[in-house]
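Given below, in the form of structure tokens, are the structures.
Each of the two complexes below includes chain A, the first together with chain B, the second together with chain C.
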Partner chain A sequence: MTSIILLSIFGILNLFVGFMKSKKALMPAVLLFLAVSLGATMFDWNQPQSYFSNMLSTDNFSVGFTAVMVVSTLFILPFSRSYVVAENSNLAEYYSLLLFSLVGGIMMVSYENLLILFVGIEIMSISMYIIAGSDKRNILSNEASMKYFLMGSFFTGIILFGIALLYGATGAFYLTDIAAAATNMDPATSPLLLMGLLLVLIGVTFKIGAAPFHFWTPDVYEGTPTVFTSYMSTVVKTAGIAAFYKLMSAAFGGVYDQWFPTVVAITVLTLLIGNIGAVAQNSMKRMLAYSSISHAGYLMIALTSFNDRSENAILFYSLAYAVATIAAFGVLKYVSDERGSDEYSAFNGLGKTNPLLAFVMTVAMLSLAGIPLTGGFFGKLFLFSAALEQDMVWLIIVAVLMSAVGIYYYFRVIIAMYMRDAEGTRIAVDPLATFTLISLVVLTVLMGVVPGLFNNLL
Partner chain B sequence: MTGNFFYFLTFLTLFAAIGVVASKNPVYSVLFMILTFFALTGHYILLNAQFLAAVNFIVYMGAIMVLFLFVIMFLNMREDTEQHKPLLSKIAAAIAGGILFVVMIAALKDVDTQMKATAVFDSQIGMVENLGKVLFRDYLLPFELASVLFLAAMAGAVMLGKREPGEQNRF
Partner chain C sequence: MLTALIILWPALAALLVLLVKGQGARKVAFGAALVELVLGIWAWINFVPNGSTQFLLNEPWIANAGIMFKVGIDGISLLMVLLTVFLVPLIILSTAKHTYEKPSSFYALILFMQTGLLGVFTALDAFVFYFFWEVALIPIYFIAGMWGGENRVRVTFKFFIYTVFGSLFMLAAFVYLYFQTPGTHSSEEVAFYQLVLDAGTQSWLFWFLFIAFAIKMPVFPFHTWQPDTYTTAPAAGTMLLSGIMLKMGIYGALRWLLPVVPLGVSQWANVVLVLAIIGIIYGAIIAIRQQDMKRLVAFSSISHVGLIAAGLFTLNHHGLQGTMIQMLSHGVNVVGMFFIIDIIQSRTGTREIAAMGGITQNTPFLSVTFLVLLLGTVALPLTNGFVGEFLLLMGVYQYNAWMGAVAGLTIILGAVYMLRMFQRVMFGEKNEITQGFTDLTFNEKAVLVPLVVMVFWIGLHPNTFLMISEPAVLKLLDVIKR
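So, the complex of A and B:
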């Protein structure tokens, strides 16, 4: 709650900082705002509280996911330095929209009432529709914004319809009341409840980009400026999967048997489409978009298995995925800005011209592929062991096979970097971004060597 | 009397809603949509929700739909400039939509909403006073946080609409 208030105020303050002639103060200001919000969030650790007649509650679950989101944003910001250098006149608005969308994200992980979930999803999505179109002169960015907006509004309508049906079936918006009504289900209204659940489920899976509601992801991710793509594929996804898990566990845990087939079908479909779709791509950015679909699938394995390990597995995986993805997008931004293309071929010979960038990219790809000694390996291990407890061996086999497919497309960029001849010259990277990239690598390796530091926190 | 009026309004709503989708001319679509909202306003009055009826009438029918009409007239859309979707995607959309429709009817036909406790139902719940009490007491937090949503939308609209330095005015 404190972080929601702080981030809202900081978002407004930041718009005023933007009035200053020089744009140099903006990035340090936003970094400071985020650090303060992170500190305020951590105060709530181990101190569960509920606010405004239990509309919203903070517990370790919400604090953990809020921390992942704020830390991801902190890591993403340094890569927006090119906007500062170019004195982009809209920089203050970009940053404020990110802060506002974080408010929505925090609402999505700490809601106790479906209305808060809905308002949270809307705050986050509307900020993202605008951010996707922030590169106004670029036709791809316009397309991304338009597509995201039209499809997102449509699915917002579906969520709202689902919430209305749930209200009709249970007479409540509170998760606890819905859970009570769902467990001793009244046969007269149960079709209403299940229909509502299905529609809300469809809406939320759209927001996390799971198949078959993934079709917007590649185009939107490709058109959005790279810095904001990394925000979309990490923070938005983390908020979405946490909200999804909270909804299913707090409100519909009692009707697990009813939604299990639907969710497991979506999971398998997402894994297949995400990984096989990524193989066919030639653009690194589109590949990362498909890879984000496939990672939504891995995260949903924990949801499907739905036991006491799921929460921790999702938190660990979200962090590992976010750290590796931000590093990958960070390197991609420098390469594509310098070489004017985000195809694999733009990475040719990067190992010789920029050993550091190439190394960071390699670690990020290894982590995303789930190779040992990186965070991604333990992330997958925890997810699979949660599923194993539920005896879903066949699901793990599908997931492992798909990870093997993943190795193919993640290694393509590594091969391009180290085995092809250099085409471009050395790419200049500013010190702050270098520091961020190195911290991301350290964090990834740390998660892969001593996973105990980050596991079983909740 | 009220029952007949309900069926009339429902017929009008569905008729106008189908008209929105079916008419070729976008201006007709907007006019049908205004009719849909008008019929919905009637439904709100039947439910004794005067405040919602007034808001629906003024904001949706008045402001937003007029805005729609203006935008469509500015865009100058005509039938011959409209891009036609390929037949395959039309068929696919019809099948997907039809399946959803059938599933919903099949699932919801057995629902018995059983007129929950008509005796204790407060018929004044839709009045401005009661609505205000609920909004500012029970639902204060979502109500206030909606302001963040509007702030984000406003900042974004200004950002997207603002003329960049050196950009020509095209209209």
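So, the complex of A and C:
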């Protein structure tokens, strides 16, 4: 709760910082704001509280995911330095929008009432619509913003409709009341409940970019400026999946049998489309977009099993995925800025010209592919174990096969970097970004070598 | 603690090597590998061959899931550790002639791989084993992919995908077994050994585990990545792959397949033996037809590994002890052979058998060492190959006399392709390519002399090594026959 208040105030404060002539103070200010908010969030650890007549509550679940989101944002910001250098006149607004969208994200992971979930989704999404179009002169960025806005608002409407139906069926907005009403209801005779659930499910599925509602992802990711793409694919996705998990476990755990086939179908479809779609890409950025679809699929596996393992598994996986993805987008940003292309071929010979960038990218790709020594491996292991405990053998076989497909496309960039001849020249990277990239690698390897530190926190 | 030190030291040294600029990296790496050798010998001196696991380290790794970082050394592990620490310094030394681009990365990767290999050979927890199994794979992928010959990108990628695909099945089997253990679950070796699973479950688990090990060895028909990868990789990479990494598959089967799913093994052992024996004959026949020396030895390796696999699945005392000693012998011989091929290639610029001839005339040292290693490979009595192949064939013969007879062809066929190669390359008339062929340099002797010593040591007094593994093998047999 403190972090919601703090981030809202900081967001407004930041607009005033933007009035100053020099834009140099902006980034340090935002980093400071985020660090303070992170500290404030951690104070709530092990101290469950509820606010606004119990519409919002902070517990270890919400603190854990809030921390992942704030830390991700902290890691993303240093890569926006080129906007500072370019004296982008709207920079303060973009940073403020990021802070506001974080507020939405925190609401999405700490709601106890569907209205808060809806408000959280709206706050987060509206900020994202604007940010997607922040590269105003670029036609792709305009397209991204437009697409995201039109489809996003449509799906928000669907969520709202679903919430209304749920209210009609159960007479409640609170998760606990819905759960109580849903368990007592015979689902076969209450189409309203199932209809409402289905609509909410569709809306949330859109927000996390899972198939068959994923079509916006590649285009929006491609058009959005790279720094903000990495925000979308990490923070927004983390908030979405945590909200999804909380919704299904807290409100609809009792009618598990009713929605289970739908969720499994969505999961399998997402895994197939994400991974096979990624194989066909030649642009690194589009590949990462499809890869983010596939990771939504892996995360959704946790929805099929509600046990102690699955909560922790989602948290671990979200962190490992966020860290690796931010590193990948960070390197991609430097390469595409310098070489003017997002294609794999832009990475040719990067191992010779920029050993550090290439190494960071390699670790990120290994982690996303789930190879040991990196956090991604244990993330997958924990997720799959949680599901296997519930005997989801076939689902896991599909997921394992798709991980093998994943290796194919993640390694294409590694091959380009190390096994093809250099074309470009050395890319200059500023010290703060270098430091961030190294921290991301250290964190990834740490998660892959001593996973015990990050596991079982909740 | 000693085990932890043995595992960690190469990784730490690898970081150190990364800091060294230029060709000095090789010297630092060599020094680090020598220190590792001393550590390995220290473990050998303090080891008591009584079938127990020693130098145990058991720390919580993922505590709440009951997964321990458990490593230790028993007789079987010790032989593999000794093989690894013995071969790696020689492999590093063998690269003295080459000036690789980015030498510090190259040698750091070799040392890093050593950590993975030693972790595999000492792991006593299934997830620790899997972890190191993949840790060993990543460096060799880059070694072969960055410093390899033509087609390296395609070939090494095939190798990587192939092996990862296999090991994913192994991981799935491990996770399944983990959930079968009672209480809060455990993935320790002993916990797996105590599982009582019905025959049907063991039957499919067998294939999940076997496919990973079979690809690594490789057993026919999972071998298709092997000849290309061996041929394309740089000499040091080929030596690592064939000398040590191949043993990961055999060791894995010995430790994580036979005792874990004994019913599955007894159900499928016949099939595996037939596949292994097909591999023996198939590898040998293709080796006879090869024109490229490196490819010839690659196929001969398929043939020899087939025999080891056959002996392994006989599940009798001779077969398993033969497996142990032949793993050492094969490691020594194959590294020697690939090094000699590398020497010949660097002198003449080709590996084409037909292009050479008359090399013996200027090179007494090379000829003698080549011949000794070659005779070791074809299993002549008094050499190391004889002890191992004799025990293995005896094991297969005990299992089934007909299979023993067919598998015995390996000795004849092996002699055919090896001696043909030796005759065409070393004897005959000199030509313009082999005209100025010079004998071994000091560095090359330093690599080959220890290998030749080992050929005779294992050949004349195999008990030094058989004694180490004997109690552990007997104990393992008890678990398998439970």
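Methods note: the second predicted complex is superposed on the first by the 454 of 458 C-alpha atoms of A that agree within 3 Å, B and C clash if a C-alpha of one lies under 4 Å from a C-alpha of the other, contacts with A are read in each partner's own complex, and residues count from 1 in each chain.
The working rule: contacts are C-beta pairs under 8 Å (C-beta built on N, C-alpha and C of every residue); 3 or more make two chains touch, one makes a residue touch a chain.
Nothing here was measured: the structure is a model prediction, and the numbers come from that model.
Engineer: Between chain B (first) and chain C (second), which, if any, makes contact with A:Thr66: first, second, both or neither?
Structural biologist: neither
Engineer: Once chain A of both complexes is superposed, is A:Gly133 in touch with chain B (first), chain C (second), both, or neither?
Structural biologist: First partner only, chain B.
Engineer: Can A:Asn354 be said to touch chain B (first), chain C (second), both, or neither?
Structural biologist: So A:Asn354 meets neither chain B nor chain C here.
Engineer: Go through the superposed model and pick first if A:Phe100 touches only chain B, second if only chain C, both, or neither.
Structural biologist: Touch status of A:Phe100: first partner only.
Engineer: According to the stated criteria, A:Thr304 is in contact with first (chain B), second (chain C), both, or neither; which is it?
Structural biologist: neither
Engineer: Quick one: classify A:Ser57 as touching chain B (first), chain C (second), both or neither.
Structural biologist: neither
Engineer: Of the partners chain B and chain C, which touch A:Thr156 in the superposed model: first, second, both, neither?
Structural biologist: Once the two structures are laid over each other on A, A:Thr156 reaches no partner at all.
Engineer: May I ask you to name which of chain B and chain C touches more residues of chain A?
Structural biologist: Higher number of touched chain A residues: B.
Engineer: Report, in rising order, the residues of chain A that make contact with chain B in one complex and with chain C in the other.
Structural biologist: In chain A, no position sits in both the chain B and chain C interfaces.
Engineer: So in the complex, the part of chain B that touches chain A is made up of which residues?
Structural biologist: Per the stated touch rule, the residues are 104, 107-108, 110-114, 116, 138-142, 145-146, 148-149, 151-153, 155-160, 162, 164-165.
Engineer: Going by the contact rule at the top, pick out the chain A residues touching chain B in the complex.
Structural biologist: Residues 4, 8, 11-12, 15, 51-53, 55-56, 89-90, 93-94, 96-97, 100-101, 103-104, 107, 113, 115-116, 119-120, 122-123, 126-127, 129-130, 133-134, 136-137, 168, 171, 188-189, 191-192, 194-195 of chain A touch chain B in their complex.
Engineer: What residues on chain C touch chain A, complex-wise?
Structural biologist: 60-65, 127, 130-131, 133-135, 138, 142, 145-146, 152-153, 157, 160-161, 164-165, 168, 171-172, 175-176, 178-179
Engineer: How about chain A: which of its residues touch chain C in the complex?
Structural biologist: Chain A reaches chain C through residues 309, 351, 366, 371-373, 377-378, 381, 384-385, 388-389, 396-397, 400, 403-404, 407-408, 411, 415, 418-420, 450-452, 455-456.
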